[in-house]
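Going by the order they are written in, the chains are A, B, C, D and E; count residues from 1 in each one.
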């Protein structure tokens, strides 16, 4: 029952790890989650998420209880009725940017007018692209949008099939190192953060568990801030990246503000305007309300020590 | 004597084609009846109906007094083609559906030797000559000791001497097991030599033109004057129908 | 002794029976849909996980009204038909060669069998690399999908042809080409038709992977897009349409099969004749 | 008049010929690999897009040494075998029922044909929902993949059986079950074996989708993971292994096919006997 | 006279099974040679070798002086089984490989009528009786006017009267077209009636036991004393071999 409070406990701790969430890799590498719950005899089950949409599927189908996604993906899911909530920000990543070939004449967003640009619909790079266009007074109809999966976008750019690409790490870092692809438009604020989500009912039922999981995340966050080199090594090893790529990816992660709050609310609100305009959020859904329901900072507030 | 097969007023069409018209035929227990008639007149069809393999448009068919609704366990059939399962050996084809335990295999082997196929117990159908395949089919028909055996030109592919041997074997089966036989043949000599009664059919649509009893005891001499004269009668009946049809 | 076997009255074998047969086809799907709807309404499954059929139908209706659905379906059908035709057209000579010549078999078959093992998703980056992002890689991927089932079945069909019939062709003085045309291909037709149906199926299965390549239209795209957007109603709507379209094209081939194989004296035709 | 037809010396038809045949199988792949390596080295394609075979082999070797590869292969093989067996075991009774009974055909076949049209990727969210993320959904998805080719071919095989042979079974007093066992199944064996091979292929194709479900091991996972990480060498290594394993299991079934169908008097066996 | 078929020292094994041992046989232009012998002795195999469908282990075979390496365009074959393409109609089977333009169809129709199958030009094989299918196969063998026609028990499935009609037709073909024929039969009456020479084979491994010339002009009377005595000779040869084999 819901009244269980501290006494209520799930049969196991099920959470994901993802190449795009360095903290999850750090925790898994050190075995800290297992350590935390060992005394209770609670087994820990790790699931690898290969992308936000998979992480959401695991969460929605109750195959996992803590999963990592981009903020926009969590917003889309919540607006489509999946009752998830963000309890922790594992990173403020700059995992997306606009990329073009080394020798391309494209220098600014304005140069994209009439050009072919690759992106994966509904994902952070896609939202980033639209927001970037907005800064130059352009809209989606001013470019030729080519829908490609992230790795395919990288290949298409390299082969000259498209003029630019709304890239995503680690593909972006790799493109940069391999072929000298240029990140010609960057803006960390246009990324929608790395969200650690739980189902609302889970948070209601097992608040103590949520706090203890976040405590472990806190431990990892502090450690990562103190040991950037080792964090990069763990990332390279676990995510099979070359050390250079891992280092580059890590420099674009900011672990300083883990508590979901106003900053994230604003970020999501900006993203939601794009999503509504593109018809990706169903008509009749009020984004403000959804964002309000999505963000649940109480656990992080209780755990994070300034 | 008990009627093993009773056919009354049978008519059969294949779509637009009338094949049998009002056929009446009775075969009594222990009898050997030979059916002769021009090619395509419906002999095989009649046998298939008796075997419960065809629906009809009119008339009745009964085996041992019971209306035929499908294949009957006491009725054996030797089809016009060998119809061996290509994936089974000779022995397995003969004992179709049963596991070849040693005792059964011995029984099969005996029959195979009687058929003059001693060395081919484990051969596959594709390794047999035409006449050999036909003999395997006969062995299969005999193997489960049917009360009524329907044979459709069973010796058409074997040489004169093998044919005689097999004819004797059939007569032996009739004598020892009391099997009733309805046998289609186009060899008039064979018909009068084997039959207690020869039934002559007319060209399509097949009717029974006449029945010619052969009231000679076995063993018969193949060249006896009685048989020669019967042979003439049967041929004349066939020929008569032929000429009628040709008009 | 009573009247024995009377043929069933002609009426039953005709339109009435056929109509009854059609109705029976709907029993299972209707029962499944009813169960699903009930489970959804009773709250046994969350609507965000598995929306009830009514919600899926509602989505499809709205997409139909907006005209969007027609485009998706039309685009996918065109791609499947183009890819299927190309795959079959290529598989025919390959299968004939491999079916007839042991040398061609030794030379080609092992490589083809290995290529057959490459999953549709794995082709995407390769095709992108070779053909870019337009229609060509999509149609090619679908053609690859359709190629193998048809190839495999046609080879098996040719290998299974009764040697006796081929001998007839040879002694009747038919050329190798005439033997292929008049004996091998018709003889392998039952297998080839099975292969055609399997190939059509595979073409639809590969469509989804194909439309991962730079598409904004098509049912495969709709499916991926729905997943990307966490829209279960879109996902299920796309699945439903894919299943129905697959069934529709399979039905066409099945009718073709029944017509082309009337000559057979087999179980199936025995039933049909009765 | 000269000496005419002398059989080829027995030696040639034996080991030597077979060895020559095996060698021929490598001509095409070796040529392809050589072309690819040359293109890579000549800089015609960027190594990070399509690394040369040597790079792929290097990756495979390192993964083999670390022991990782063995796990991936073993896990995938186990899944494929489990799913394949399950799919085939379910397809057998379904196909026999549909092949024999027109009523079962009307009732089941349309629904099955529609389900057949659901692409592997579309199953992933559904199975996740019903079965979670462990082995069950993966094996189930592979079983679904293997089910349909076997089902389709076996039904076609049963439908195509010579009515004359079934009649023999009936007049020999065989029960319906015996007819199935002794006549229908062996008679449909050539088709069933084609279906088995196609089903095995499909099992491998569906493996990749299956291993999208929360896996961290298996070749399908390796493939997806490699793409997600932009590691073309991993992607190609996985493709290579999938192709080889697919070929290997197909080869086993092909040997089985050749053995089980020795009784045939067909083109294929005529060649083999010669 | 010109030798159309020349077989010398032929030996043939199927695996472990010796089927033909040192067979010599010559057929000259315009001749009709009938081959008789016990079932399984290798008659069909010999025909198949002459048709270029089998490899041999020793000896030579030549058609019109040229070594046989495969089917020869001037050689026609009527197999022991009808072997009709089940997907083709009667007319299409007869004209196998050629488009049935009206002129060709008329030719086929004529032949079909001659075979007594007038109504079945467009029937499928599954709609034919055993004897009808066999007649279609004969028509197909004749249709492309071969110089040498190899017939393997062509009349085994037809009734006595149809058989006589077809025999006359074959003799007419020999007379008008000069076709050479090698015909396997197990009907000794048929052999002596048709043949210029009857060749008797021994049981497996098949050898030529003897050749019995039939030096009677056509038309022959079926019941002439000469034929009856020849028939006796052939039967005795067959029987002799049978007894030898049975020892």
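Following the convention adopted for this analysis, contacts are C-beta pairs under 8 Å (C-beta built on N, C-alpha and C of every residue); 3 or more make two chains touch, one makes a residue touch a chain.
Here is each chain with its UniProt name: B, E = Sulfonate ABC transporter ATP-binding protein; C, D = ABC transporter permease.
Here the structure is a predicted model, which means the values were calculated and not measured.
Trainee: Using the contact definition given at the top, which chains are in touch with both chain A and chain C (ABC transporter permease)?
Mentor: D
Trainee: Just send me the rotation angle from a CA overlay of chain B on chain E, rounded to the nearest 5 degrees.
Mentor: The C-alpha superposition of chain B onto chain E needs 180 degrees.
Trainee: Rounded to the nearest whole Å, what is the centre-to-centre distance of chain B and chain D (ABC transporter permease), using the mean of the C-alpha atoms as each centre?
Mentor: Computed from C-alpha means, the inter-chain centre distance equals 48 Å.
Trainee: Go ahead and note the Å separation of the Cα centroids belonging to chain B and chain E.
Mentor: Chain centres of chain B and chain E, defined by C-alpha means, are spaced 26 Å apart.
Trainee: Roughly how far is chain A from chain B, going centre to centre by Cα mean, in whole Å?
Mentor: Taking the mean C-alpha position of each chain, the two centres sit 83 Å apart.
Trainee: Of all the residues in chain A, which ones touch at least 2 other chains?
Mentor: Correct list: 57, 61, 149, 151, 155, 159.
Trainee: If you look at chain D (ABC transporter permease), which of its residues touch at least two other chains?
Mentor: Expected reply: 49, 125, 129, 164, 224, 227, 264-265.
Trainee: Please set out, as single numbers or ranges, the residues of chain E touching at least two other chains.
Mentor: Counting only residues that touch two or more other chains, chain E contributes 81.
Trainee: Help me check something: in the complex, which residues belonging to chain E touch chain C (ABC transporter permease)?
Mentor: Of all residues in chain E, those touching chain C (ABC transporter permease) are 51-53, 70-71, 73, 75-77, 79, 81, 83, 85-88, 96-97, 124-126, 140, 144.
Trainee: Which residues of chain C (ABC transporter permease) touch chain A in the complex?
Mentor: Contact set of chain C (ABC transporter permease) toward chain A: 46-49, 124-125, 128-129, 132-133, 212-216, 221, 225, 227-232.
Trainee: Spell out the residues on chain D (ABC transporter permease) that touch chain B in their complex, using ranges where they run on.
Mentor: 164-165, 167-174, 178, 182-183, 186-187, 189, 262-265
Trainee: Which of the residues in chain B end up touching chain E in this complex?
Mentor: That would be residues 14, 17, 36-40, 44-45, 80-81, 116, 127-132, 135, 152-153, 156-163, 186-188, 235, 238-239, 242 of chain B.
Trainee: What residues of chain C (ABC transporter permease) sit close enough to touch chain D (ABC transporter permease) in their complex?
Mentor: Contact set of chain C (ABC transporter permease) toward chain D (ABC transporter permease): 21, 24-29, 32, 45, 49-50, 99-100, 102-103, 106-111, 113-122, 125-126, 129, 148-149, 152-153, 156, 158-164, 166, 184, 190-191, 193-194, 197-198, 201, 204-205, 207-209, 220, 223-224, 227, 232, 235, 238-239, 242-247, 250-251, 261, 264-271.
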